[in-house]
Amino acid sequence: MTPPAHSLLKSDDRTRRRRASEARFRACGLAAIGIAALALAVLLTSVLANGAGAFRQTYIKLQIPLPEASLDKAGQRDPAAMAKVSTFGYAALLHAALLDRIAALQIETELADQDVAAMISKEAAATLRDHVLANPHLIGGMAAMDVLAAGRIDGYFKGRVTLKSAAMDGNTSPQALQLARKLADADVIETRFNWRFLTAPDASDQRPEAAGLGVAMLGSLYMMLVVLALALPVGVAASIYLEEFAPRSRISDLIEVNISNLAAVPSIVFGILGLAVFINFAGMRQSSPLVGGLVLTLMTLPTIIISTRAALKSVPPSIRDAALALGASRMQAVFHHVLPLAAPGILTGTILGLAQALGETAPLLLIGMVAFVRDYPVAYSDTAGLFGDAATALPVQVFNWTQRADPGFAERASGAIITLLVFLAVMNTAAILLRRRFERRW
Amino acid sequence: AAARDNVQVAGSSTVLPYAAIVAEAFGENFDYPTPVIESGGSSAGLKRFCSGVGANTIDIANSSRAIKPPEMKICAENGVTGIVEVRIGYDGIVFASDINGNSFAFTPADWYLALAADLPVDGAMIANPNTNWNMIDTDLPDQSIKAFIPGTKHGTREVFEEKVLLQGCKDSGAMGAILQINGADEKAAEAACMAVRTDGLSVDIDGDYTETLARIEADPNGIGVFGLSFYENNTDRLQVATMSGVLPGTASIAAGDYPVSRPLYFYIKAAHLDEIPGLQEFTQFFVSDEIAGPDGPLAEYGLVSDPQLTATQDAVSNRALLGGM
Amino acid sequence: MAPSLPALVIGLAVLASFAAQMRARAASGGDLRNLASLPGPHGANAFLSVLVPAIASYAALSLVRLIGDRQGVELLSAHSVPVAVLVVAALGCGGAISVSTARFRARAAFEWWIKSLLIAAAAVAVLTTLGIVLSMLFEAVQFFQQYHWRDFFLSSKWSPNFRGNSALGILPLLWGTLYISFIALLLAVPVGLFAAIYLSEYAGRRMRNVAKPLIEILAGIPTIVYGLFALTTIGPVLRDYFAQPLGLGDSASSVMTAGLVMGIMLIPFVSSLSDDAINAVPQAMRDGSYALGATRSETIRQVVIPAALPGIMGAALLAASRAIGETMIVVLGAGAAARLSLNPLEAMTTITVKIVSQLTGDTDFASPETLVAFALGLTLFVFTLGLNVLALMIVRKYRERYE
Amino acid sequence: MKDIDVIERSRAGARQKISARNVQVRYGHTAAIKNVSVDIAADTVTAFIGPSGCGKSTFLRCLNRMNDTIDTCRVTGEIRIDDEDIHDPKVDPVQLRAKVGMVFQKPNPFAKSIYDNVAYGPKIHGLARTKAELGDIVKVALEKAALWDEVKDRLDSPGTGLSGGQQQRLCIARAIATAPQVLLMDEPCSALDPIATAQIEELIHDLRRNYCVVIVTHSMQQAARISQKTAFFHLGSLVEYGDTDQVFTAPRDSRTESYITGRIG
Amino acid sequence: MKDIDVIERSRAGARQKISARNVQVRYGHTAAIKNVSVDIAADTVTAFIGPSGCGKSTFLRCLNRMNDTIDTCRVTGEIRIDDEDIHDPKVDPVQLRAKVGMVFQKPNPFAKSIYDNVAYGPKIHGLARTKAELGDIVKVALEKAALWDEVKDRLDSPGTGLSGGQQQRLCIARAIATAPQVLLMDEPCSALDPIATAQIEELIHDLRRNYCVVIVTHSMQQAARISQKTAFFHLGSLVEYGDTDQVFTAPRDSRTESYITGRIG
């Protein structure tokens, strides 16, 4: 039993070994953070690198003649009659306008007319039609419009499509790209920030350049409102009951096991549940954010309950004793003293739970939210009720877009992931800041 | 729940892109809301279709195969009695490999010999020894076999098994040999023809074609099975193989020269036709020449237009019910 | 009419609340100490006495109506529901006001209401389980009518087939589930725990405030991104640098690929929850250890971690649960091959993946090939239930209260 | 002093505040309190003495049912306060504890400001109508607990950042701020210097006029100074209970004598 | 007794174990210790006395750098132990604390068994080669801390389930089990009955032969009984420091006198 080293400045063998082990342990910790950070960096860089392009979009600036003869034969400006002219009719006008423009600029091209026309997005005709129907006075004159360029042309200006790849590509040609370059030089084609990506609805497979996240963001927003309004209070309330009030018995054990088991239920099973209970039994609307939110609520509850219970458990009993001894009821002790101390853990559960809820696709599959939806859902309507309109969600859009054939969608999928992460960050900031405030040791 | 004002469609993810193209155009040109097109597979779509009548059920089920009798029965049990079947066209199935790799010209027999679990050799079934394409046919490139074929959940798999493996089995004469070995058990022989090796040279893909493409890019020896439209959108990354000397394309498939394709359908719930605004118009718009014809946007996107489109149009207009119900 | 019902009920509740408080105040005769409970609880009790029964009756009556609807009979007319709810609310209102006397223990009554709400919340979790079991039971039973249970539970072959005659043995899927989850946890638990330790014990406040939310982003990245990462990055690396040189096959999709990537996804679950648990260990306990000349790591390993163990176990359990329930990463990372093998560099698949793929496939929805999804779901449910019971028993053994 | 005590004691004898009968407490399988019966008079200070680990705290915690919060702890027997059985299902432990305040052996301030620590009890019991009144209650309580001068400039800083003795006084202030009828104090002066101890003893002396005070102490001098009754516990049993004078000058039990004279521990 | 003390004291005078110069401690912006300089001799017991909140614990915690663990706490000035500056960057606080043990004011047992609580220190310092040896160390430490008899049958039960005084003795046992050269004890007897107190005092008396013991106490009797040197703190300053006899019988500072005679608190 020799006393440890006499000098504090010199260390003996054992201390050196302990210090080395300390250093190793610390290095392990740092390495763990490093692994997490590295993984995050790799994932984020790849997402950012692939998705940044989604936030820029190429437009063709056109002056489009709007002949009365083809748009409103009767000349009555009767909306019903005008609506008879379909997008196919408007597409022809656009094509003509572009050809005229090229001719006016005296740009030589070997492209056939229909290949030149293919440089304009199919979406453009619909945009023009809506514009004209909203402004009938334009008929007979000209409309100045920036219309979307087709996906391959757009890709060319973002570097996704090259002359080399175009040579093998059945959907475009090097000539088309060269023409686009000349048009860009002539200031007819321009690439700029893409607000439409955040606001426009989804588009079909033929129009990657027109696809946007508007509907998905609204859908996700509505669902998160439902989740936040239900999962957090219900989860915390359930945890409080189980941890602070429920008598310790077989039943409470059963509930405890049951909740951790719910966490292991594959998310798609919650979809099965949602379809059976909310849609088939309760008759709620399919594809609606309300049902989606309810399903996600049930799915996130276990995460919130498990972390909240762990947090409640770690509050020292002396705090409860102190409050109880002052004549506070259990309820008061919990709400006044225990909950504030457990808040960081509860918020962590919320952060993780919401992240999970926001990023989940599988349960939405069965309740009809993995869908192609073009119309913006409104929060409340008399026919559909609260959050009853069909909508998609951000992860659904990611999932859908990664499955589509046109490579333009891959870029949009990454862009959607960036948006989703920003959405998540915004949603969680409050929780993160709050947690920071409540974190303290006692 | 209150009545819906939008058309609700669910089902096959193969049909989804076509349905979305139509729905988009429909929404743009009609005063009805754009139909909501869900994906989730033919099975899930038909199941929801058959779950009953009413606003909280779907109006149309997309399917990459025809509805089956047991399904019809369940439909009927749930009160879904009037069903209109609509065949919208054909989906071509092509074999493609990395653009920078070797080119291939296949016959069904090549695929059978490459992927069969067991091959009949000298009167006995032995585990498939082929590991390289030129072991099957010296004309094929010297490249190890790595096939990415649709998983067993995909309708494409069924077509692949029947029209490629089984066909190849017959063409190569293996069918006869197997029948000899197993004592002329026709069913067992067919099953043996379509049994795929599990030693890793053939990889089932449960995901979609983008996954197959990604796998080929991660493993340039791979050859994948794709839908025609998917290939046509990615010609800068994939090169397609010929089958029995025919290059796949909408024309060669429509003409029946290219052997591997399958019909795509959707099913309309007749009871909803007069309840859901726009449903009748949408279905008619879908099969109109403008859309589904050989020059329409669907064909442009890779759907093989149905030569009997007119009959289909009539069926939709007359609400011809399936099974004479 | 419908939207005004909530307004009416809330109005009544507010009214009751004010009236009860006034009555209590009046009864106190100016000195609140004469009251058994303060006016606040009186008001709160009255508020809940109106609101909770009204909501409960609304829910109950709606349920009755729904059940009637499903049976095709109208058990209750549409108008009767709001009327009944209003009657209940009014009764609650009157009752609550009339009991608000000086001797009324309003706080206890109020807390009774709160407690019933808490119980209702806890019941949601139980009802969810019930709903899950019920929503799968019918189809699972149908499956077992068409497919022999022995072949399902005991066969080691999984090969569904469009034309029937499928082999639908769960064993390879179960094995894949366990194997992949195990590898995922093998990465996530140590890394997450060490990250938590570093954050709570070593890192400065600034680093911690930044790093913790950053790591939590990992939980928010959609799993499809992880899947693609596994497919295009990790898989080929493992194949080219491990599988092929070691002669363990040449598959880019493997248990290892999926496991590692899933492990990364699970890091924040372990790290953040463990960090909270570690942080909640009283500083006095650490001080006790430091004062004995323990290094930080000794303190952490032998004093802090044991004290934080319940929380850490909870975190690990949650991570395990997520691993079992994950789909996308497995589809893209591990492939779709059902296989019973020990080689971690071979492709395998999990129960969850097959639930999704059979459910979203193109097979006949009345055939065993589709219905098997429900049987798989139910089996997985029972299986994880067993694992959780086991885990609970283990955790119980180690649980110690500390002060 | 002596005379007053006699009067007090006789008066106290007339009115029993707390009466315990055959109280047994077990932690899991080990008994911590064995068959204790005792009557505690109102308007008296009763001291519990006895060697460490003999069950003083355990018994004290029975009197306001704080043992309910320990899972493994089982209390049997009858305890009546103001002639009401505190284990009666109709008795709300919350009301019981509002009436029977407690200062714990280990100071356990809330993780809140000093002010909030003291104001919490009065707030939940509605003892103050206005903010100012609440402030007064807090001030008086802190003054009585001899802490006011030290903390008056930092009422907003956390109670957990106080020194050991300060925390102890904070807990005393917190307990008296709710004005309980019975005050249970578990070694309230253990971390206090003689002057602070004297102040607390004075406080106890004052409290006795209206309240029933039970105090656990290791200081025989303190017990002799402030209590009228003394109970001596040993290994979970109540060995001797009687007037403080008698217990200290003429103990009936030999164990009591040994303890007082410093022979057993 | 007296004679021995004199001898000891002169010997101690020759060898200073701890020497502090101009030590200042602030919590955030408030100074808790102001410019304290003191020399503490080896083989002596030094008592810190002073009113509650005067900074005794704070100063004590400086001596083994336990204040490092409090974020807001800033220590300036020089502290040397065995003539080595403990704030030297080369000094490992771990080694320092192995050499300078501490018993805290609030008992803080680990959430482990009683045995593991005591065995923890010896284990990490490798003081025992075998299990049996470790068992012996634990037993001896518990015996010295006068706890062995009470807990010998329940060494496996958690240390947190002990009574207040038992926990305090457990912490003492834990501290001496690592055999430090300097032992800092913050009111180690506050929750102990007189007999246990006497046993601990005896322990301290024994320890003094080889170790340097610094003890914070509120009991002037205790200080007088066991210490050779006494330091009196007041409002963060070291007011008086000298031989215990002198401090108690002939204090030089008027504040010391007031405190000892019970006039300031």
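Order of writing sets the labels: A, B, C, D and E. Residues in every chain begin at 1.
As a convention for this text, a residue touches a chain if its C-beta (ideal position, glycine included) is under 8 Å from a C-beta of that chain, and two chains touch if they have at least 3 such contacts.
Just so we're clear, the structure is a prediction, and the values are computed from it rather than from any experiment.
Participant: Please report the minimal path length, in steps, between chain A and chain D on the chain touch graph.
Facilitator: Minimal hop count between chain A and chain D: 1.
Participant: Mind having a look at which chain is the central one, using mean CA positions?
Facilitator: Of the chains present, the most centrally placed is C.
Participant: How many degrees of rotation map chain D onto its copy chain E on CA atoms, rounded to the nearest 5?
Facilitator: 180
Participant: Using Cα averages as centroids, what's the distance between chain A and chain B in whole Å?
Facilitator: A distance of 30 Å separates the two centres.
Participant: Between chain B and chain D, what is the separation of their C-alpha centroids in Å?
Facilitator: That gives a centre separation of 83 Å.
Participant: Between chain C and chain E, what is the separation of their C-alpha centroids in Å?
Facilitator: The mean C-alpha positions of chain C and chain E differ by 50 Å.
Participant: Centroid of chain A to centroid of chain C, CA atoms only: how many Å?
Facilitator: Distance between chain centres: 22 Å.
Participant: If you look at chain E, which of its residues touch at least two other chains?
Facilitator: 94-96, 98-99, 106, 124-125, 180
Participant: On chain C, where are the residues touching two or more other chains?
Facilitator: Within chain C, residues 107-108, 228, 282-283, 293, 295, 298, 359-360, 401-403 contact more than one other chain.
Participant: Mark out which residues of chain B touch at least two other chains, giving numbers and ranges.
Facilitator: Within chain B, residues 13, 40, 44, 207 contact more than one other chain.
Participant: Among all the chains shown, which pairs meet the touch rule set out at the top?
Facilitator: Per the contact definition above, the touching pairs are A-B, A-C, A-D, A-E, B-C, C-D, C-E, D-E.
Participant: Which bits of chain E are touching chain A when the two form their complex?
Facilitator: For chain E paired with chain A, touching residues are 81-82, 84, 86, 88, 90-92, 94-96, 98-99, 124-127, 137, 179-181.
Participant: Using the touch definition from the top, list the residues of chain E that touch chain C in their complex.
Facilitator: My answer: residues 64, 66, 69, 71, 93-99, 101-102, 104, 106, 108-112, 120-121, 124-125, 158, 160, 171, 174-175, 178, 180.
Participant: Within the complex, which stretch of chain A touches chain E?
Facilitator: 1, 3-9, 11, 14-15, 18-19, 22
Participant: So in the complex, which bits of chain C are touching chain B?
Facilitator: Touch list, chain C to chain B: 159-163, 165, 228, 231-232, 235-236, 239, 249-253, 331-332, 335-337, 339, 346-347, 349, 353, 357-367, 369-370.
Participant: Within their complex, state which residues of chain B touch chain C.
Facilitator: 12-13, 40-44, 46-47, 50, 63-65, 68, 70-71, 73-74, 151-155, 157-158, 161, 191, 198, 200, 203-207, 211, 214-215, 217-219
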